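Each in structure tokens, the structures are laid out below.
Next, two complexes with subunit A in common: one pairs it with subunit B, the other with subunit C.
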Partner chain A sequence: MDDLERAILDYVRREYLEEDDDRQVGLETPLITGGIVDSFSMVSLKRFLERKNDIEIPDAEATPAAFDSVRSIAALVRRVAARRVPV
Partner chain B sequence: MSRPASEAGQRSQATGWATAARELGLASGAPVNLGWHLADRICAAGRGGHPALLWEGHAGETRRYDFDDLRRRSNAIASFLAGLGVGPGDRVCLFLDRVPELYFAFVGILKLGAIVQPLFSAFGDESLQTRLEDAGTLALLTQRRHLGKVRRARERLPALRHVVVVDVGAGALQPGEVALDLERGPLPEAFEPHRAGPETPSILHYTSGTTGKPKGAQHVHGSLPAQYWTAKVALDLRPDDVYWCNADPGWVTGTSYGIIGPWSNGVTQVVLDAGFNAERWYETLEKQRVTVWYSAPTAIRLLMREGTELAYRHDLRALRHLASVGEPLNPEAVHWSRATFGRPFHDTYWQTETGCIVIANLPGARIKAGSMGRPFPGIDAAVLDPERFEPLPAGRVGQLGLRPGWPSMLRGYWGNRSAFDAKFRKGWYLTGDRASVDADGDFWFVGRDDDVINTGGHLVGPFEVESALLEHPAVAESAAVGKPDPVNMEVVKAFVVLKPGFEPSTDLELEVMNALRRRLSPLAMPQEVEFVPSLPKTRSGKIVRRVLRAREWGEPPGDLSSLMED
Partner chain C sequence: MAYPEPLKERFRRGLEEIRAAGLYKQERILHGPQDVRVEVEFPAGELPRPVINLCANNYLGLSSHPRVLAAARAGLEARGYGMSSVRFICGTQDLHRRLEERLTGFLGTEDTLLFPSCMDANAGVFEALFGEQDVLIADRLVHASIVDGMRLAKAQTDTYKHSDMGHLEEKLAEHLDKRARVVVTDGVFSMDGDLAKLDEIVALAEKYDALVFVDDSHATGFIGARGRGTHEAKGVLGRVDLLTTTLGKALGGASGGCVSGRSELVETCRQRARPYLFSNSVPPVIVAAALEVLDLIEESTARRDRLEENTRLWRRLLVEAGFDVKPGESPIVPIMLYNARLAQDFARDLFEEGVFVVGFFFPVVPKGQARIRTQVSAGHERAHLERALEAFVAVGRRHGVLGLGKREIVERFGA
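Take a look at the complex of A and B:
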């Protein structure tokens, strides 16, 4: 697990799991289909990723499928960051 | 002209509902226990072995229950609750994901004569507590993962005496909490259903308005002919159909057409307890051979985003009828559906308060893409002048009104008579929606008549959002409005004036968003927070949301003469 994946995983656990929620969340755990993050809450997760990584994720790429696991989210962030034009 | 009350309308009303009552075996004034009708009547008709529920969890686990399973499991829940001292008229909340126990409990609570109060399990602390407090809820069924929220709410709810946990496993329970394991417990062969009359309260669905707290729309057991008949006619349900309604029973579509409609018709229904995923949805449609699918524009637009190719990879030939509800169905979605599934989605219109479909594109009728369709036979609808409450000529926009009298109309708002009375003018029930009707009699949705935000088919009250925003230490003033959204029609946007000492930042925006999500729900979480130096107000200091809303929608703000100048 790299730093990006760890940061996303920590955020998901902190923000989207209740104290008594004993579900284990790992890199491949389905977040959207698993009912941990819903499509509305995706917006705050997207905002977190954008702020943390200084990127802007196009809405067309912020799909439920792309946000369905920590690993796929990290891949999306890397793709978007790689396109960033240095200022 | 739009459609005034007419003799023909009254006749068809009498005929349609009377036919439904006859098919259900309901003699006038006879007991009509809704729970019994959804399970025991189907078994008594010899279809106890017919599948009632084809359930699939998010991890792919599946369960299949027939109508006899439904009958005995609902008996078990009714007996269990009776043993706790729950009885007719008591409010019992379902705070559950879409697990099988939710569906059995819904039926069991009705058999007992108690009132079902379904609440969306993603509700946050305040949304949950407000609704339980308003209803004076006595018992609540939940899962282990939601216990934290329930326990925090319970500290301030002395009336909530019983918390029933349906998946407790080895977890520790606190006083007042009790475990119920349907898979291991006894499944009673018989339970004497409460002798409910047509006016006996059945369900309490909470809905949001512009002002004040959410209101509990109270329905009755006598609603049954409306849901049975509209499911049969508008959704075209037939005995051997496999039906899938995407709605969560925390909302009225998930009970009227996610439980009552299909099961009163003895129809098999599919439940997928998983978040949205296009591939997974197509797999479900294919695997279960779904014939009738009742979905929502937001979901349809998400499927459209994924493209047609994905749908083409699945064998969806079993689909016979497609319908949609929750917000206006845009013409593109109708055309896409024709191209993708070979048949169009049929838009339907109704509300928490109406309890059943009241305007629809009926099966077989030609569809004007973008129109809600025509009044369901037996429903008298008109577009009303917003001042005089008289029907307007065709083409004019006004408030959509319905003549009261159909079986599933709400009978009141829980403990709030004045709010109920305010919904009626000159013999019309006022929907709060603006619409027009064309010369052919087809109705067209225009928007809300108030500040309520319709996001993804769910109503969010701006007052609730603003009140929760003010709880944040950085927020001095706030206003919540709907802003356009390509998928959800509109989403919540918050305008916030910060207290001295706080500076606008992305961090603060994120913090405010997450605070609202936890306190209210993901639906009510602003998708954008704009920090502003001041809010538009009247000279008496009232915040004018319409100016902010108009700006978001690119519309003229209307009369600004009464606004206070900065």
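Take a look at the complex of A and C:
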């Protein structure tokens, strides 16, 4: 697990799991289809990723599929960050 | 052919998948009026059997009250059956305005607008009032109709953990740059039966200059000392900006709902809320009966007091018998079973024992949180609840869950 994946995983656990929630969340755990993150909550995750990584994720790429696991989210962030034009 | 075979096959397969997943809903058919004891045909085709009803929203037992029926008959005679119009064309009678004024007084707000249902009120209110520069911040356990209403709006959305005031405050601070912030919550949460911390929510909203929206469908008529709702129970009457509620539960249980609150907000809904603009008026018979229900509730608190006593008794009986009951103070009393199959089997066995309840599981409640939701009514006699408990204990013993907590139930049955 790299730093990006760890940061996303920490955020997901902190933001979406209740105190008494004993579900295990790992890199491949389905977040959307697994009922951990819903479409409204996805917005806060997107905002966290954008702020932390100084990127803007286009709405067309912020799909439930792309947000369905920590690993796929990290891949999305890397893709978007790679396109960033230095200013 | 307009209905080609592949399309038909797609829907057939979809229905099969619902069955295979154990999520297929079958209607239970009542042979008689709604009451605390009903004759139910289930499965369809079986002979109806008498059961104690613990799953109706008939909190005050008014669904078939003689005075409500008489008022409905009188309303039918005096104002007719249907309006054949939306409100703003020729569908507004004096009765509609009178009911809106009565609800405004009862709820302690500034104005009220009737909708065909609270589902419609929730579907219309956010889209009518809030736009892209605003944010709706909802408790994660709000009712599905609020979720749908938020989806229809152009406003930004966010959520906070259920009743977690620290998390809500973080979100309010994070969204200080928005034109308007709206905290969105149920008053009483329909699946857990707990009350929103409206006193704390209102205080946070005032601190962060936010509006408060409450759906009080599972509270209006019986929560609070005079049954005004969650805002009365939590001491914030007059400090909730937007409230939606229903006539379809404690207030007679027919149908109809409303948006109530700050006058400019309600009037904007009158101008712009699409379910109000494009669907028929609430029928006069329902409006007349609802006025009588408000008379009954305002004349005496005896029914809501009785409901409170019944709720305390039912909770105590279940806990003493060894069930894992979600704590709370509303007449929604969930018995936690965690496992979806167990919840379904438990409800089926209770029906065999003469008690009518329904098991709830994902996606209605979170995964691993399956339960039997029971709902107490002022109409229940002590004997009904004691008889129901006997059935619960018999079925509980059969499945071996008495005295077990979450960990033990999950170990035995899986989550």
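In this text, the second predicted complex is superposed on the first by the 87 of 87 C-alpha atoms of A that agree within 3 Å, B and C clash if a C-alpha of one lies under 4 Å from a C-alpha of the other, contacts with A are read in each partner's own complex, and residues count from 1 in each chain.
Going forward, contacts are C-beta pairs under 8 Å (C-beta built on N, C-alpha and C of every residue); 3 or more make two chains touch, one makes a residue touch a chain.
Fair warning: this is a prediction, and the values are worked out from it, not measured in the lab.
Counting the residues of subunit A touched by each of subunit B and subunit C gives the higher count for B.
Of the two partner chains placed by the overlay, neither subunit B nor subunit C lies in contact with A:E28.
In the overlay built on the shared chain, the residue A:D10 is in contact with neither subunit B nor subunit C. By the touch criterion defined above, A:E56 reaches neither subunit B nor subunit C. Contacts of A:E18 after superposition on the shared chain: both subunit B and subunit C are touched.
By the touch criterion defined above, A:V43 lies against subunit B and subunit C together after alignment on the C-alpha atoms of chain A. Across the two superposed structures, the residue set of subunit A contacted by subunit B and also by subunit C is 18, 23, 34-35, 38-41, 43-44. Subunit C contributes residues 138, 140, 147, 150-151, 156-159, 161-162, 171, 362-363, 366-368 to its touches with subunit A in the complex. Those residues of subunit B whose C-beta lies close enough to touch subunit A in the complex are 58-59, 97, 122, 144-149, 273-280, 302, 305-306, 455-456, 486, 488, 491, 506-507, 509-510, 513-514, 517, 522-523, 525, 527.
Of all residues in subunit A, those touching subunit C in their complex are 18, 23, 34-35, 38-41, 43-44. Taken together, the subunit A residues at the contact with subunit B in this complex read 15, 18-23, 30-35, 37-41, 43-44, 47-48, 50-51, 59-60, 63-65, 68.
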